[in-house]
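Each of the next two complexes has subunit A plus one other chain: subunit B in the first, subunit C in the second.
Right after this comes the complex of A and B.
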């Protein structure tokens, strides 16, 4: 079973200025994320990479087609069950790290587990272990406002992995970092995903980062073209 | 309770200034409400006690043509009755060189001012007056009347007796002020004037002018009908609240009005909590979207936000009650101090009263606050449904 499978996805948006005209972003697109492999999607700005990732994560709905996550069609789920699926099976990392500002680094990492009902003392060890692996042992009690960009992104990676999800969805995770930090975070993310045996769906315009992944697709003319395939 | 709900709420309560101001507002609303309830209830009970012990007794036995009052054997009801005193009363105009005052002259025996009555009143007695050999009859007037007539102990006043029989004529008698009393409630004090019962009988000879004033034991204070049944027929028996009916009805109405007004204040405060909840959602829109992104359902988000505001409301309410109780339990000294600082209008009220805490009313108001807050916060939290992670991404 694929952690995420996109079947005949079409996404249209209403054009903002042209009355009822619609713009098609994705057209009859198919994609299967393979268990334990990393997949990158590259493409120009505005090509629909982020839209594709939002649809894959159940954050947005396709106009046509279906998204199957761990064997369940997102469209058939109500808010509560969709939230549970997102909480248990998907980890998100975005360019803007989207951490909870009032929570410490440790609490941010623990948050997905706490939401799923695990008590703090039971999930603390796992959160500490992740933060230590990413070199944040002395930053655990700091709130995001006191962390550097690279540190925040590393906290976001830990949070994404906290519930041991089947798949990590990452949208330009190093886009806001300087070259040195970006390279470090790229390697940490890929290593951690491999060590934990998770799947990764990465959306980036950074070709170097993308080609470190097992599979690479180019999103062009509303559809995907395979650029690199895992051997 | 979901651990994330607890953590999220704790963060909000500790870190959001708006919630702190909500807490302070609720506390500042509840404190005066509790204080006002204590003040009104205690004062009304205090005034009622003054009327009972100094004016009417718990029960009054009047002659109705069947049995003589002297036939009543109080000893037979010793478990029910604390005291039984013969009282002769009538009305008079009191004159001094500088003023006049309407008074009710109460003729009482020496046993009348027992411990319970002495708890309600203080007397200033002149040594000179006690040892006086003057032929003038001694009377005891209130501090309020003494101030009005500008007289003091040892001075003489004239009583113009209003006759109890239409055939009799108005007649003045001269008396000497032997003592001045004060119960702390000037409005009642200014109506009363105590004389010896034998002398009162010479002024008001009619049988109807004399009655027996009964005070019941603590056990029977709420069971006056049982006492009336036990005494049976042969007399006209009236309860304390049947005298000065308008005074007591005013108390009941005032109490109800105060409670209604306080409830309205509580309703406003409760709706304020809803606006705090709404504002909190507005402020935390991004954080709510992030929590939903990492898997929190809308129910979980609402529960977290609700717990934050409700906890603050609850803590504010408890603090307000404690503050109100602290002020309320020290109302006596505070009012006396305010009165001594020149707030003359306070002298119309009873300043010296036992504090009673109206727990039931406080409970009612607290329950209303919690209930209305619960409903209004829940309604205002409906907006969280519209906050989705994707909407936040598109606006970022």
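Right after this comes the complex of A and C.
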């Protein structure tokens, strides 16, 4: 069973608030994320990479087609069940430093577990372990405002892995970082995903980063072309 | 638990001046609540003082007209504090020296009445109560209008039942027996007192009625009186002063409506402030949804944030309101001194004795009303956030 499977996905947006004109972003697209493998999607800005990632994570709905996450079609679930599925099976990393500003790094990492109902003392050890592995042992009690861009993104990686999800969805995770920090975060992310045996779906326009993954697809003309396949 | 913790953190978040906005909203709610409570308490105090005077002087709690019942028998009913016979008639009072005249109502109470502290305290504000008095006891206001002094000779014309005619005028020469002063100006300026036996000898005792002060349940006392004499006519103080009582009730209702409108203005500001608070946190709301919170959960976090702010605002409002109400006389005196300093004239409120009063039930009702309105307007403020799509917010945050 694939952690995430996209079947005949088409996504259209209205061209304007008023009127019926529509723009097709994705057309009859199919993609299967293989368990334990990393997959990158590259493409020009505006090609629909982020939209594809959001559809894969159930944050957006396709106009046509279906998204199957751990054997369950997102379209058959109400908002609450879809949220539970997202919480347990998917970890997100965004380009923007989307962390809870009023919570410490440790609390941010613990958040997905707390949302799923795990008690704080039960999930603290795992959060501490992740932060230590990513070199943030001395930053645990710091709020995001006191962390650097690279540190924030490392906290986001820890948070994405907190609930041991089957798949991590990363949208330009190094897009806002300088070269040195970006390279460090890239390696950390890929190493951690491999160590934990998770799948990764990465969206980036950084070709070097993308080709470190097992599979690489190019999103062009509203569909995917395989550029590299895991041996 | 995580939702509650997040709501608390959001309410007092230090980012983007969120804490200042929250404090401003709290202060707004507190000030609105203090205004509602203090104005209610002052109005209650003034109205209670007015109603107490009506009950103590003008109409008592009950007035009983009965041929069978005596004051003693009514006084022995459970729940009755004091019962006494009284006579009442209209007279013309003339100062014999200056021939100045004024019309008045003469009342005479039997000796039981003078045992009631309720009436005595209301009737004689600052003067010793005469154990017995001869002649007419008039108010200070009336002596001033007639230019009289204690001991002056006056002529009083009564209307008494005649042998052939229904009523005939009867003039009696008497002396001004003394003064009284009540807190009820309208009562003082139109009423004089006489000895019961003296007035009964002039107009007869047939027209006497029984005034009743009630210490227990008024309705039960009425039923007990009617059980003793089914033909008795019992008039409650509310019926006796129906017009004024209705006016006071209407005044109170209108006051609440006016105050509710005032609070609505605060609520509009609350809505705008809430919208600002939530706009700051829109990105985090989207992120919470991305990591597994349902739309309802995120909504409850933002609503919880509003509830936390509202409840704290209410707490501050109630405590401050209580303190202001407890010290209202001092505050009014201070305001009065300031007003006098600038305008040279004193405010009316400080001249009227009253005790600001508001019951816990009324406080709870006002708080509930404020809470419901605050919650409603917080929800309206949240509406745009509820409708926002996570993907759009996250994409917007990325660029």
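We adopt the following convention: the second predicted complex is superposed on the first by the 229 of 231 C-alpha atoms of A that agree within 3 Å, B and C clash if a C-alpha of one lies under 4 Å from a C-alpha of the other, contacts with A are read in each partner's own complex, and residues count from 1 in each chain.
Keep this in mind: a residue touches a chain if its C-beta (ideal position, glycine included) is under 8 Å from a C-beta of that chain, and two chains touch if they have at least 3 such contacts.
Being a predicted model, the structure only gives us computed values, none of them experimental.
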item	value
Clash or fit, subunit B versus subunit C on superposed subunit A	clash
First, second, both or neither for A:98, with subunit B first and subunit C second	both
Which superposed partner A:180 touches (first subunit B, second subunit C, both, neither)	neither
Subunit B versus subunit C as contact partner of A:145, first or second or both or neither	second
Partner chain(s) touched by A:172 [first = subunit B, second = subunit C, both, neither]	second
Region of subunit C that runs into subunit B when the structures are aligned on their shared chain, from 207-215, 225-233, 243-251 or 261-269	207-215
Residues of subunit A contacting subunit B in one complex and subunit C in the other	50, 54, 59-60, 79-80, 83-84, 86-88, 92, 96, 98-103, 111-112, 114-116, 159, 163
Touch list for subunit B against partner subunit A, complex	2-4, 7, 11-12, 15, 287, 290-300, 388-390, 393, 396
In the complex, subunit C residues that touch subunit A	1-2, 6, 9-10, 13-15, 283-284, 286-297, 389-391, 394-395, 397-398
Residue numbers on subunit A that touch subunit C, as the complex places them	50-51, 54, 57, 59-60, 79-80, 83-84, 86-88, 92, 94-96, 98-103, 111-112, 114-116, 145, 159, 163, 171-172, 175
For the subunit A and subunit B complex, residues of the former touching the latter	50, 54, 59-60, 79-80, 83-84, 86-88, 92, 96, 98-103, 107, 111-112, 114-120, 159, 163
